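One structure follows; several queries about it will come next.
Which chain is which? They are A, B and C, in the order written, and residues in each are numbered from 1.
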Amino acid sequence: MGSIVTVNLALAAGLLLVPWLGGDFLAWQIGLFLLYGVAAQGVGFAWGRGGFLPLGNALFFGLGAYGAAAVLKATEGALWVNLAAMALIALLCAALAFGIALLLFRGRMGSGPGFSLVTLALVLIAAQIAETTPALTGGFNGFSGYPPLAGLDPFGGLYPVIVALVVAVTLSLTLIERLPAGLILRGLVAQEERLELLGFAPHRVKAWAFAGSAGIGALAGSLYASHQGIVTPQAIGFMLSAELVIWAAVGGRFSPLGPLLGAVAIGWASSALRDTVAWWEVGVAAVFLLVVLLQPGGAMDLIHRGIARLGLTRRRRDAPPLPAPPSRAAAARGPLRLCDVGLSAGGIRILDRLSLALPEAGILCVIGPNGAGKTTMLNAVTARLPVQSGQITLGAVSLGGKATWQMLDHGIARKMQIPTVFGALTLRENLQLAALAGRMRGLDALRPSPLRWQTPPVARLLADPEVPLAAGLDKDAGHLPQGHRQFLELAMTLSPEPRLVMLDEPAAGMSPAETQLMVRLARDYQQQTGAAIVVIEHDMHLVDALADEVAVLHQGRTLATGSLAEVRRDPLVAAVYAGGHK
Amino acid sequence: MSSDALVLFALNATWQIAALALLALGLGLVFGLLRIMNMAHGDFVMLGAYAPVLTAQWGLPPLAAIPVCLLMVGLTALIVERLVIRHLYARMFDSLLATWALSILMREGAELAFGPQFRNVPLPFEGVTQIGTVGYPSYRLLVIGLVAAGFLALWLWYRRSLTGLKLRAMVDNPTLAEGAGINTARLSAGAFVAGCLLAGLAGLLLAPTLSVYPGMGLDALIRSFFTLIVGGLGTLEGLAVGAAVIGGLQAGLSAYLSQTAGYLGVLILAILFLWRRPDGLYRHR
Amino acid sequence: MKRLLISTAIAGLMGGTALAEVRIGVLVPDSGPAGLFGPSARQAAALAAEDINAAGGINGEPVELIFADVGVPPAQAVQAVQRLWRSDGVQGFVGMHDSAVRAAITGQLRGQLPYVYTAVYEGGECATGTYVTGETPAQQLAPVIPWLAENEGVSRWYLIGNDYNWPRDTNAAAQEIIAASGGTVVGEEYVPLGASDFDASLGRIRSSGADAVLVTLVGGDSVGFNIAYSAFGLDQQALRLGTLIEENTLAGIGSANANRLFASMGYFAGIDSDAARDYAARLGATFGSDAAQPNGMGESIYDGLMLLAALSNAAGSLDAAAVAAVADGTAFSSPRGEAVLDGNHVAQTIFLADGSSGAFEVVTRFDSVPSGVTCP
């Protein structure tokens, strides 16, 4: 916390000194690029933190600018009315962005270029409308003839207001990084699928990030209107959008200060040098190209590395853990039933009217030859693949039409076949995210204390001397050996205390000792919580050690159910396995 | 609408579609094979369009524009592949940004090399061909024919030839293709250069019908993009369908409402496709 | 261009040691869509400075020019303007750029420095301390449309322009002038900036039965339109009149596509007068192979500087109020001929030129055409 205050105080002091040291004119010049910088911070937030690149963020900058200009014209001078109206415009822009992102990301669109291109098309549309509706926007020649905010002189009183916005935005973005919201965003970029299995809706997380990005842009735009005294279509155009991206990239998109630095440095230098250095534009493009190729973290990344080398980074003190609030996953009830579930992919029928009733409690092992549809069955339950016919119900509730992220609230948690953890995050952060799962509500994302939550299952695992997690909590999960990663994923899966745990080959890649530990942990969890556990497994020794009940799948159907001994006696099962015991 | 107007509309729409397909072909090739959004695509079109300007300036015969175009565009593409593109395979955002920077560089470079002024590329032959009672510029008819023939040839080649087979293998599974002894690095470089050459040829062919100046690439890029978005990123058939939909929509809206409506219509259509059908009308396989 | 930079820098150094100087900010587009006018505008400015200094400078002091690129968005353009004003101490501005930049500049200057705007534009600029030498729609059309009606026999006009303020305002003026001259407007349409497909518009022009087309498309759009226009043989049906087709645009269109393409402006390279011939010759002599094609947009900077010098000499200083007091009636001459400030706009000579041969040949001239702008 201390460093955040220091950095932002230094930022505020440094910026407020500009008019004293460099004069009102320099402050006015810098003011413009600070406003662009704030909009670039918005781009950096969506791109660096949210993992998706908006190519049309001038849309919100421009809407803020035109909106503020219209308000200033209509309400001449009333400060609080103006400020309230500008805040409202920023909120509306954020809401618009939220809606756009929600619609786009809910579909099949990932964080890929599709989203970027939609935002590009949107800004092209907006610029075209701004240019061709002179009655509304002043057209190409621009919208002018309004007083600046509260009569503040762009060469005087407006500058501190701009600095206030810069510091407020920088502070907020830095704080968010230290809050659950920031952790969730990092989880989103690191491993979207795991985040979804932990009950977070990726499209909503992205929509919030985009809304923040847009709101910031609109705030910057609304002050830009006062700073310039005129708003022209360029303020809502594609070129500005592209420049915001360039500034964010060169300055460093992963840091709240990076885009600000990029915009002020490149913008101000361009304005000062464009007329004297003949190859200026070429130079800027070349620097941009080199940054993309060689230094994806931008200038701030270099600075951070320099600071780290000097040993100036402070170690974070660990606050004592807090007991986590009850999990929604633990409250869910009812056995899971699959009834005549059919699922095809690529023209191949994988689940063929599969029916299976899971026990309310206890461990069910699902076995079957390769291609029997075991993993696909889990995918059907967790809505990773769309079910084409039949029904999946949990107690009285149908799970049909629900999304993966909703499963945790129904008490369903899943460990993947290939261990899926947040590789770029530390073990501690992985567990912090898992502690939020199923327990976080509303504004918890913006409070610091939920990061200290500890859940009973994780506390038990960390206290267990055999479990290899407690020692390396500050290591990156991506560097863990395969076996350790399995235990981390298990811890994250059990953390929300689910009523139905699905483990897909939990002992893959494990030593015999680790396999034994895994068996014990699964059994312990079942006994402590009375949950149901479904295990997909090939290893018959493991099945023998774990299973209260066994189901055999073959060609997308249930072939047999019962105890392992019963199933083994089943002639149908014997026929299927006749080819070779596995 | 009279039958003359109908014929004219059909011809205009065909011309639009042919021009769009021609412009988008190189971009589609590079994206389909390499998954790289080449934002500098339009600038390769620009480079190709300058070829006839230069040949005229050097006093060479008009047909020399073809080798000049291939050489100039090919060399640029080769250098760009070596220095930039090679390091960006499978880095979708980075390749998008790097080629955007490249686009600015090429535009500014062209301005320094060729000057900022408009250039005129005279038609290789003048004249209007009568189709029924409607007269249509002969050069446009030639381009339409060339595009149709070119697409057919390319489609056959891609389906039948060994290189086509290797390319398809590489798109399906680069690692496996590498294992099967296909030199994917060389194939990728070849595909990128080929895509740029197609862009250059598009510029060369369309130069007499366009305004030729350093900044002309942006328009070519945007139009190619929307064609690909609707058609689906990565197949020849899709590209043709995309060109037909975009060209038809723009021609239709422009004819019955206004050019601005046509432009906005294309943008909105592109958004709808990106949102609802990100694979375009033609799904990849 | 680089040579020019160096020579102005040297001139600045030498002048700085010898005499006090008057610094004038010259705002030209070096980048952006209007960037192609940058070189000719800078060269026009250099010749004007030479002529002003040869005639004794501004109020007896030599003039020094400081250039800035305003082919950028308005927010960046006003940064340059403020820098020239506050850091470099310029005492007046001459600018050739788009109207959005002009509106942003007048908003910054607020009449505190004299500012001459020289580009062809839509009219209506009445900001204090702002003087306009640029041709207005009234100037470019009021004498020309009746002349074409009489001499070319055209009366059915089709208006096509880019979709923004200047074409719309030009066409609004054209509507009245055409009606007054007994003609009719048979179609009016606008295409978005950056359009490349004009087929639908050409179809409409054909079926409208127009015998004249007023073209207010700009830059590359104008080139593309005119190429397609001729490809469809529409030049047989209707003549074209452009109010922003200068020598560069005509070169892009090409001689093969310029049949019956007229343009109306205050300057053409081919004006048959001593002043204009002398101007073209001096460009060649001064800049050699770097000499840019002279054109009305670039040359307008010469007019702007001459007006500013004349205003200052009449007022005895570049003080905005002093200049304003003497402004009305100030006269100056340029390669265009004689012009007189009437209000804050100029009454000037307008030329009608025919581009059929691929180069503009002046067919007629109209002297002392009023701007049609009256400020309150």
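Throughout what follows, a residue touches a chain if its C-beta (ideal position, glycine included) is under 8 Å from a C-beta of that chain, and two chains touch if they have at least 3 such contacts.
This one's a predicted model, so the numbers in the text were calculated from it and none came from an experiment.
A.B. asks: Report the chain closest to the protein's overall CA mean, measuring from each chain's own CA mean.
C.D. replies: Central chain is B.
A.B. asks: Look at all chain centres (mean of CA atoms) and spot the one farthest from the centre of chain C.
C.D. replies: Farthest chain from chain C, going by C-alpha centroids: A.
A.B. asks: Averaging over Cα atoms per chain, report the distance between chain A and chain C in Å.
C.D. replies: 53
A.B. asks: Could you grab the centroid distance between chain A and chain B? Build each centroid from C-alpha atoms only and quote it in angstrom.
C.D. replies: 36
A.B. asks: Counting only residues that touch at least 2 other chains, which ones in chain C make the list?
C.D. replies: Expected reply: 163, 190, 192.
A.B. asks: Scan chain A for residues touching two or more other chains and write them down.
C.D. replies: If we look for residues of chain A contacting two or more partner chains, we find 128, 132, 281.
A.B. asks: Touching at least two other chains at once: which residues of chain B meet that condition?
C.D. replies: In chain B, 260, 263 touch at least two other chains.
A.B. asks: Okay, in this complex, where on chain A does chain C touch?
C.D. replies: On the chain A side, the touching residues are 25, 28-29, 32, 128, 131-132, 134, 139-142, 144, 224, 228-230, 232-235, 237, 239-240, 270-272, 274-275, 278, 281.
A.B. asks: Please output the residues of chain B touching chain C within their complex, sorted ascending.
C.D. replies: 5, 8-9, 12, 15-16, 111, 115-123, 126, 128, 135-137, 139-140, 208-213, 215-216, 218-219, 223, 250-251, 254-255, 258-260, 262-263
A.B. asks: Touching residues of chain C toward chain B in the complex: what are they?
C.D. replies: Where chain C meets chain B, its residues are 33, 35-36, 38-39, 163, 189-192, 194-201, 203, 207, 219-224, 227-228, 231-233, 248-249, 251-254, 256-257, 293.
A.B. asks: Under the touch definition given earlier, write down the residues of chain B that touch chain A in their complex.
C.D. replies: Going through chain B, the ones touching chain A are 37, 84, 87-88, 92-94, 96-98, 100-102, 104-105, 108-109, 112, 222, 225, 229, 260, 263-264, 267-268, 270-271, 274-276, 278.
A.B. asks: Which residues of chain A touch chain B in the complex?
C.D. replies: 53, 103-104, 107-109, 112-118, 121-122, 124-125, 128, 132, 242, 245-246, 249, 279, 281-282, 284-286, 288-289, 292-293, 296
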